[in-house]
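Shared between the two complexes below is chain A, which has chain B as its partner in the first and chain C in the second.
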Partner chain A sequence: MLEVENLRVELTYSSADIVDEISFHIVAGEVLGLVGESGSGKSTIGLALLGHQRRGARVAGGEVRLEGDNILTWSPGRLRKLRGGVVSYVPQDPSASLNPALRIGKQLEETLEAHAYGGSSKARHDRIDEMMSEVLLPADREFLQRYPHQLSGGQLQRVALAMAFACRPKVIVLDEPTTALDVTTQSHVLGTVRDLCVAHGVAALYVTHDLAVVASVADRLAVMYAGRMVELGPKEQLFKSAAHPYTKRLIQAVPDISGRFELVGIPGRAPPPGHRPEGCFFAPRCEFADDKARREFPGVTHVSESHQVRCWHAEEVFAEAARARGLRKDGSGRDEQDKGLLAVRGLQAYYRSRHVLHDVNIEVWPRQCVAVVGESGSGKTTLARCVVGLHREFSGEVLLRGKALETSARSRDQQSRRQIQYIFQSPYSSLNPRKTIGQIIAQPLRLFSDLGRRDAEARTIEALERVSLSGAYLSRYPDQLSGGERQRVAIARALAAQPSLLVCDEVTSALDVSVQAAIVELLGELQRDLGLGLLFITHNLALIRTIAQEVAVMADGRIVEAGPVASVLDSPQADYTKKLLSDTPSLTTV
Partner chain B sequence: MKKPAIESSDDRPVKTRWVPHGITWFILRRVLLGIATLFIISLIVFGATQALPGDAARAILGREATPQKLAAVRKQLNLNRPVTDQYREWLGGIVTGDFGRSLANQLPVSSFLGNRIVNSGFLVLLSAVISIPLSLLIGSLGALWRDRPFDTVTSIINLALAALPEFVIGVGLILLFATSVFQFLPAVSLISPDTPVWEELEFIVLPALTLILAVTPYISRIMRGSMIEVLESDYVEMARLKGLRERLVISRHALPNGIIPAIQVTALQLAYLAGGVVVIEFVFTFPGIGQALVDAVAKRDLPIIQSLSMLIAGVYVVLNLLADVATILISPRLRTSLR
Partner chain C sequence: MTDQRTDVDGMSEAPVEPVSSPPPPRRSKRSPLAMTMARALRLGRTKVGLALVTVLVAVAAFGPLLAPESTTAFVGPPYQPPGEGAVMGTDFLGRDTLSRFLAGGRSVLILSLLATVLGLIAGVAIGLIAAYSRGSMDDVIMRSMDIVLAFPQIVFVLLLVSTIGPKLWLLVLTVAATHAPRVARLARGAALEVVERDFVKAAEVLGEPRWRILLSEILPNITSPLMVEASLRLTYSIGLVAAISFLGFGLQPPAADWGLMINENRVGLTVQPWPVALPTLAIALLTIGTNLIADGLARALIGVDRGTAEA
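So, the complex of A and B:
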């Protein structure tokens, strides 16, 4: 159906390769998962299947053949008819990819019109109704008259799916379509994707950084590293016995709902285009690397007929059959002599007239991590904002070491503000781009201490080292750092204030899995070494077993279940928790 | 294999209720705010008069101040009465359309300024009608042909024009078209304020051209920037990946979103025109409010100065109101969030 051979896409200016030597095929009705960290070139490949390159990139070689015909040689007019008609695209973030000023019905209709699908307007409307019901959305006029902002994230992604399947395409490219969704919605959308692909015999390329997601939807997996496809094979084989060390590490970095394994981050980062080393690109991060690997990039080796890999040591790696993932050391529980750090009692919170939190009670002890899990809109972020004093419309008590806190951070005293530090979801927007890392971390020192310049700098460096960054970062600016490094800086900034409680609001959801694992490792360390209490807000149920000791499950502003992580996850009592658990994708179900 | 429709909590719409009277209420609120703004401005304008050294009469008469003349002027301006009474009377006059009499020629302010306001209004309107579409076009084309020759050339011209004060542009145009190089346009607008300018169109060409050149760079720079952002947006890429014709991608997906930031800047620029017209009219001795204002300042003709200050402030308030309403009408997110 679709074959890609030796594809090379490079940067227009420097001619450095974004991706190179990419070859694979997808047959009708099959889902190929394309996995890699951000910057590995997976989206570039996805777009190449539509004959599209982003600004600053161009195809420099290779072929993308659709039923034997190389689309890369097609004229713009012919490509236009291909896009959306024969090969369609599902974007990563539908809230950004749907035009905010056009009604969704119109946006669906124009796709059909562009490909002259259906002879009449009536036929097109029937097709829209049909697609809406296939993606489990209402097809009534009122719904189609809505604008994108009037729909939830899950609904938007379904609209994007309906749009992609509308003209009965032969190939569909899904570019991380579930990253912006919470687990329940994600699992519904994944189910819909799989059903549609099978039902319509569509060849699908599913681009993602989330192995657990791809495990539940793909038939075969292709693993990208720094612009090269390093491994390709049936997913069962890859998960059971990966033949590339990178794949192996990637699997180890995925948090698992069963929590039996220790999370292992992959140190270092993938080299960007133009900075890729000689030899195997993964060599600098690889435990198997030898001189040969540092000299020469390995060619394709076949482990089995359907399983290929690019590694000099594939046999070794493969033979070392799925090395048991290290079993987790249990986080140190609470010490009996520790006093309760944070207590939230009878919290009722409001947005204007809307009652968003109902009688919420939570306790955090020193050295303890309490996870608050829930879907978006469940009120978990509001809870965090009440605790730090950013949300003022609440009643009930927030006690820090037994002392009641004012509702607003402004009216709290300096000590209690210092003791509770907040880490935001996106490290891309929580750091001031005009300040150096040194200035950013020193900010809380100026607020909360009267250290001299030299002492302050020492404290800043100490905080940086605490999060495994060196003093060399002091003079850099946030945009010179990767997402993981930025989040480390945000944590260092919180640590500089010498807090006793960290409130972490979805701190890993903007990060790649391998980075996420490293950040979780770091937070666990801080909790153990500094005796910090953690209030860890997340929608990722799979993460909490690796970091938290206690968990509170929230739905519609209420805590529906709370208790030790192991007991809540192993024998959930509330129906809602059971549903969340069954919706969470897992590698072990493969 | 189909699943039954599942209504999970996430599938609930975030916001659906269309509030029918939202926009009316919004406009009403903004009009009230505008009135409040004008009220504050009236306090400032009036207060500034009070702050003149000695009193207004002495400031007006300057060296010619004799006790008799002072008394006469004081009587005409009601300066003998308490400040609050004076303010109430002045404000009451403005609200009912009585702006007082000019001190210089004893004519009622409204009849003295009437024609001049029409003349200036025509000048500003003409400049706006030409410069707004022109700058939106230049901005959009610059974004579409980003870094190509058209974009580079218009960007350089825009920046150069933006860097020049408008009277320099005006003088430059006079040198170019009226005196040193070519001589086919009049350098000054020697027409009586009582003739409507559209009967003497050649006099309006250079002032209008100056205003157009002064305003176009700003609007087209903003339009270019916002179009570039929109053209790089996910939804424009998505529109292309859906296989829409490029014409449709631009006209339906890019332009309506790209124009939103330009609306606000356009309003500010138009309001600026209303004030900027003062300098231009002086350069060209164009018989409009600018000319009148400059004269009035020279003659310390307080009622005229006060009236014109209020007028220009009023133009600012109205234009900003219009821009806000327009922005809301074309962005659904704002429109539906009004309550």
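So, the complex of A and C:
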């Protein structure tokens, strides 16, 4: 059906390879999951299936055969016909691929017209109706008349799916199509993708960094590391007994909803094109690495007929039970003498005339992590912003150690401002790009203490080291750092204030899974070592068992269920919690 | 559907070294302002503009030292064509044209620079305050700016200068006042996007004073567009100051000044064109120069390679 053989894509200007020696095939009706961290080259491969490359990259060798025909030799005109017709693409962000100025019905029709699908206007409209019902969207005129901005994220992604499946493609490339969606929507979209591929015999390549997602949609998995496909096999086999150390570590870095396993981040980072070491690229981060691995990149070994791997030590790794994840050390349990740190009582919040939070009550104790979970729009971020004083339109009480706080951060006294620190969702936006890391971390020191220059610098370095960064970062600018490092800097800035409560608003959602694990690990450590209280806002249910002791589930601005993590997750009472739990993808349900 | 986004993950965000030791700087540490300037300098138009401005600034700055005659000495009969005793001939009173030209640039340049700087400072301050305060405060500020904007610049300046009198400080202030709302608009527009970013909120949560948020969080993020605006405003200032002098509300006779020279000598244009032509040419080239620089900066800013510059 679709075969890729020895594909090599390199940078145009330096001829450094982005990906190389990539071979795999996908049969009709099968979903192959392509997993890897940012920069591993997975999107590059996805694009190569469409005969396309990003600016600055070119295909330097290998073949992409569609029913035996190598599309890489095709003319641009022929490729254009191929794309969207025979091979189609679903991007990460559907709002970027839909024209905001055209009604969605019109856009679907244009796709069909462009590929001369359906002989008449009537036939095309029938096809659109059919497609809309397949992706579970209403096909009535009113809906098709809407513009993209009038649709929700999930609906937009469904429209993008309908568009991709419109011309009955043989191959479809899905590039992280659910990253922007919350769990409930995500699980629906994943189900739809699965059903459509099976029903229409489409060969699908599902590109993602989220193992849990791919577990619920793919048949087989291919794991990418630094431009090489290090392991390929049926997903059950990979999850049960991965033969490559990287795959194994990757699986350990995924938070599990059952919370039985400790999260283990992968130290170090993947080498980018042009900086890849001699020998096995994973060797510098690998516990199995020996001299041989540092000298020579391993070839393909077959663990079983359908399971191949590129590692010198595949047998040893394979032999170790992949699921030997460390059980969690329990740092929870609160000291009863501690006074309540934060109490939110009868909180009602508004946006202009809209009532967004209804009678919310939450308590956080020192050394305790309270998670607030809910879908986007449930009001959980508003709650966090009320607590830190960024959202002023609320009534009810926010008490810090029993003392009521003013509504806005500016009118609160210095001590309460210092004690509550906020960590933002995106470290790309929360650090001023014009300031050095040193200046950023020194900001709370300047405001909350009167340390001299030298003491302040020592404290800054101390804060950096607390988050596993070194003093050498002081003079760097945020854009010289990776996402994970930036988030560490944001945490260091909060720590410099010597807070007693950290409010974390979706702090891991902008990060890769291996980085996410490391950040959660760090927060857990800080909570234990410094006795911090944590208000941990997230939409990722799987994360909370690894970090939180208490959980509050929010829906439509109300807390529908609250209690200790174990009891809420194991025996949920509210229907909403049950639904949320069943929609969360997990590795163990495979 | 088949149009690929070019920003799919890949090398653009590929990080390098392990967490514990910092990566070597992958990008230059220069601010975007410096990078914009460096990019602008590679454009032909910027080079030409810079050359023109350099030559004319040199003429204005060092001209008085090179002038062969005093600016007020009579060296021949009025409107004497170029020749012995006066290289560029004489003006309507018989003074040396070249000497008056060389001496007359300073005032234009200094006055317009001062007006531009003042206008920029006022405009940036107003724009930042409006953008940061939002709501009714923003409306009040920007609507009152709109009122000032409704007057054509030259009419506004003439109105004030002709009522109060031809004072140089007044000229500078009024020209600056006409620039301020235009700069404020731009600064507000650029800052609106920045005030929404989380680092501003982070500073608020920490209780950073407002003025500090404006100056050290927001301002450094809008320097590039302000730079373009500054060179554009300088162009307008030169034009305005010269025009006001031409109309007689700037420097007063017998001072040497380019705008004034054009006015004084226009009657004899057919007999002795040089006292008019020289300053006209100088003002034209100077404004073309600053405008080319503004254009080059603007092009560098919105960038040919905008997509790849910042991932």
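FYI, the second predicted complex is superposed on the first by the 589 of 590 C-alpha atoms of A that agree within 3 Å, B and C clash if a C-alpha of one lies under 4 Å from a C-alpha of the other, contacts with A are read in each partner's own complex, and residues count from 1 in each chain.
Operating definition for what follows: a residue touches a chain if its C-beta (ideal position, glycine included) is under 8 Å from a C-beta of that chain, and two chains touch if they have at least 3 such contacts.
Model, not experiment: these values are computed from the prediction.
Participant: With the two structures overlaid on chain A, would chain B and chain C clash, or do they fit side by side?
Facilitator: Once chain A is superposed (C-alpha atoms), there is a clash between chain B and chain C.
Participant: Of the two partner chains, chain B (first) and chain C (second), which one does A:R55 touch, if any: first, second, both, or neither?
Facilitator: The answer is both, since A:R55 touches chain B and chain C.
Participant: I'd like to know which partner A:A555 touches here: chain B for first, chain C for second, both or neither.
Facilitator: A:A555: touches chain B, not chain C.
Participant: Just checking: does A:R146 make contact with chain B only, chain C only, both, or neither of them? Give me first, second, both or neither.
Facilitator: After superposition on chain A, A:R146 lies in contact with chain B alone.
Participant: Output check: A:A472 vs chain B and chain C. Expected answer is one of first, second, both, neither. What do you get?
Facilitator: Once the two structures are laid over each other on A, A:A472 reaches chain C alone.
Participant: For A:N99, using the defined touch cut-off, is the partner it touches chain B, chain C, both, or neither? Pick first, second, both or neither.
Facilitator: So A:N99 only meets chain B here.
Participant: Per the contact definition in the header, classify A:R417: touching chain B only (first), chain C only (second), both, or neither.
Facilitator: A:R417 contacts chain C only, not chain B.
Participant: Tell me the contact category for A:S430 with respect to chain B and chain C: first, second, both or neither.
Facilitator: second
Participant: Of the two partners chain B and chain C, indicate the one touching more residues belonging to chain A.
Facilitator: Looking at chain B versus chain C, the one contacting more residues of chain A is C.
Participant: Thinking of the overlay built on chain A, is A:E375 touched by chain B (first), by chain C (second), by both, or by neither?
Facilitator: A:E375 contacts chain B only, not chain C.
Participant: For A:G84 in the superposed arrangement: first (chain B), second (chain C), both or neither?
Facilitator: So A:G84 meets both chain B and chain C here.
Participant: What part of chain A is shared between its chain B contacts and its chain C contacts?
Facilitator: Dual-contact residues (chain A): 47, 50, 52, 54-55, 80, 83-84, 88-89, 91-93, 96-97, 111, 163.
Participant: Flag every residue of chain A that touches chain B in the complex, lowest number first.
Facilitator: 47, 50, 52, 54-55, 80-85, 88-89, 91-93, 96-102, 110-111, 114-115, 134, 136, 146-147, 149-155, 163, 181-182, 184-185, 188, 191-192, 195, 198-199, 375-378, 555-556
Participant: Write out the stretch or stretches of chain A touching chain C in their complex.
Facilitator: The contact residues of chain A facing chain C are 11, 18, 38-39, 41-44, 46-47, 50, 52, 54-57, 80, 83-84, 88-89, 91-93, 96-97, 111, 160, 163-164, 175, 267-273, 275, 284-285, 388-390, 409-410, 412, 414, 417, 420-422, 424-426, 429-435, 443-444, 447-448, 468-470, 472-473, 476-477, 479-485, 488, 490, 493, 497, 518.
Participant: Provide the residue numbers of chain B that touch chain A in the complex, in ascending order.
Facilitator: Residue positions touching the partner: 1-3, 5-6, 8-16, 232-235, 237-246, 248, 252-253, 256-257, 330-333, 336.
Participant: Going by the contact rule at the top, pick out the chain C residues touching chain A in the complex.
Facilitator: Listed in rising order, the residues are 1-6, 8-11, 13-23, 25-27, 29, 31, 197-199, 201-208, 216-217, 220-221, 308, 310.
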